Amino acid sequence: MTALATDPRRPGIARPAVLVYRDVRKLYGAFVALNGVSMAVHKGEVVCLIGPSGSGKSTLLRCTNALETINGGEILFDGAALPADETAARHVRRRMGMVFQNFELFPHKTALENVAIGPLTVLRARPADAAAKAQALLDKVGLASKAASYPANLSGGQQQRVAIARALAMEPEVMLFDEPTSALDPETIGEVLSVMKILAEEGMTMVVVTHEMTFARRVADWVVVFEEGAIIEQGPPEQIFEAPRVERTRSFLSHLGWAG
Amino acid sequence: MDFDFSPIIENWRYLLGGLGVTLALSAVTVLASLLLGTGIGIARVFGPAWLRLPLILYIDSMRAVPVLVVLVWTFFAVPILLSGLSLPPFWAAVVALTVHIAAYVAEIVRAGIESIRPGQVRAGLALGMSRAEVVRKIILPQAVVRMLPAFGSIVSITIKDTAIATVIAVPEYMKRSETLAGQSYHPIEVFTFAMIVYFLILFPVTRLIDVAYRRVAHLGRS
Amino acid sequence: MTYDWSVIWQYRAAFADGTAMTFLLAVLTMAIAVPGGIVLALLRLSRSSAIAGASTALVEFFRNLPLILLVYWAFYVMPMVIEIELSPFATGLTALALNVTAYNSETFRAGINSIRRGQTEAALALGMSRAQAMRVVVFPQAWRRVLPVLASTWVSLFKDTSLVSVIAVGELAHVAMEIRSQTFRVLEVLTAMGALYWLLGYPQAKLADWIHRKFGVTE
């Protein structure tokens, strides 16, 4: 049940664990969002979290970069527990990148300014350096020509790609994606998934909450299935999608129309 | 620094009378300005062009001129215009405050009516209602609910503005506090007490309106 | 009944002085009440419930009092508390500033809260401190929502300066009442006072309307 770092089927098993979750609990008042979640993310792995809405996947992600505090258990980042103190938490957040479902680009700044704002404000980079790096990252996500555009003039897919560039500008050790394509029109989902695939191939450690099962099947190294705040199954994508061991995994996938 | 609240205790009947006048003045003004303001607001939205322009001028003028000025002008200047016909201070205050506050009510009514989506009107007309029926049965009921919080603030503003009537010697609470403060040589105690009294009246009023609005808010959402 | 409108022209210097004083009071009050309102709004949004509660209580207190009472109270209480003899001008200014700061804190609080939480979260996720997130992300977006309300508050403030006339501050209303008692030309002087406020206030109200149209948020 609790397949931590010891599962031999994991390709990333030999590499260090960047994130370790031990029996993590999270409560919102009386509602139990996370009920003893234990899992690990190794360096260079793409771990996809799937499951019905409200099952705790996004909550776990938001606890990972200390946007939310946990009520029980522990989360280890690079071997150290997440600090409770806000100032120390800030330093941890610099080393993680987060991409939000609603993009959350800053509407009063251009694409270039959005990407540069992390290094400028947090890392106190020189404006020229920050701008050059931002331009390079926009180029990497295929939006070099949109550097001077404001978010309002960009499509959803373009905004999300800028958001990915913005997170990458901080040179994070791990990228957290919270349903990155759920708010996108179908035509633009592909361009965002392509960028994520490139990141994965470059060896970025990624934790992705998603409903895009094809992406998870093709790109993930490890898939974790959530339901009602707990992990019901985790394993390599071949197992989860073709031969799930738990009945509820099977019914969840069939509800999504996953034909395998 | 020793405080002596005895003048307040000894003259409690005098102050209570003042409070009565404050509440009476507020109640009459709120009623009158709601009636007048609603009429003006509806005329402003649905009336003919020749009526709308002077109404807009009146509404905007009341936004430009202080209450104090309207009060003083109504009490001192109007009798001269009407060759000696003077209103007693209380009624002069009623007239002045109503004229001033009705303008705000009219704006609230206008904003409330205009906030109802045109789709609602179209739906009513499609059902075969006349324009008048659409206004009466669809627009106004929803608009009234939306106006409630703003009407609540009108009550609060009115009670506060009655205190300005002290300058034309209406014997409301502010005036009586002033008189007592002067006679007893204890202005700090008297005015501090007055602050508590006004707060105790105004705070529940605003809270009550909030609560009442929350109960009925869903009726105005479309 | 004969009217003598020439008194208005005769006393034009005094009327001008009164008008200038009205503007001075309003400008100085806003100069205090805008930064004061921001500070108070941030205190109300504080994560410490003690600070948030205390500052909210303060704001609610000043919002639920007639301003004219605050003017009188300041006039009698402040010399005792501060033990300096403040001029009526300073006293009036204090009362106005306390009142408008309380209203502004509500304006700024609502403006800050109107910015989606996700914006602050995105800023925090990049590693910004809460203060940086406010400065770089929230405030630049919030000021557009705040400006129309501040414009309306200014228009009200301009009218409320008339209330400090009761403690003999030489703004327009007080000047007019003085001229009235000196010349006994009640109708002429009071009408002039009304007309002056109208001439000054009407364009300001229209300007506030324009600001509402230009910066107003369409839901």
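For clarity, chains are labelled A, B and C in written order, and residue numbers in each chain start from 1.
The definition used in the following text is that a residue touches a chain if its C-beta (ideal position, glycine included) is under 8 Å from a C-beta of that chain, and two chains touch if they have at least 3 such contacts.
Owing to the predicted nature of the structure, the values given are computational and were not obtained by experimental measurement.
Centrality annotation: C (chain centre taken as mean Cα position, compared with the mean over all protein Cα atoms).
Distance between Cα centroids is largest for the pairing of chain B with A. For the pair chain A and chain C, the distance between mean C-alpha positions equals 48 Å.
Averaging Cα coordinates per chain places chain B and chain C 20 Å apart. The geometric centre of chain A is 55 Å away from that of chain B, both derived from CA atoms.
None of the residues of chain A touches two or more other chains. Interface of chain A with chain C (complex): residues 65, 67, 86-87, 90-91, 93-94, 96-98, 100, 102, 104-108, 117-118, 121-122, 163, 166-167, 170.
Chain C makes touch with chain B in their complex at residues 1, 60-61, 64-70, 72-73, 76-77, 80, 155, 159-160, 162-163, 165-166, 173, 177, 180, 186-187, 190-191, 193-194, 197-198, 200-202, 204-206. If you check the complex, the residues on chain B that touch chain C are 1, 60-61, 63-70, 72-73, 76-77, 80-81, 83, 156, 159-164, 166-167, 174, 177-178, 181, 187-188, 191-192, 194-195, 198-199, 202-203, 206. Those residues of chain C whose C-beta lies close enough to touch chain A in the complex are 116, 118-119, 121-130, 132, 136-137, 140-141.
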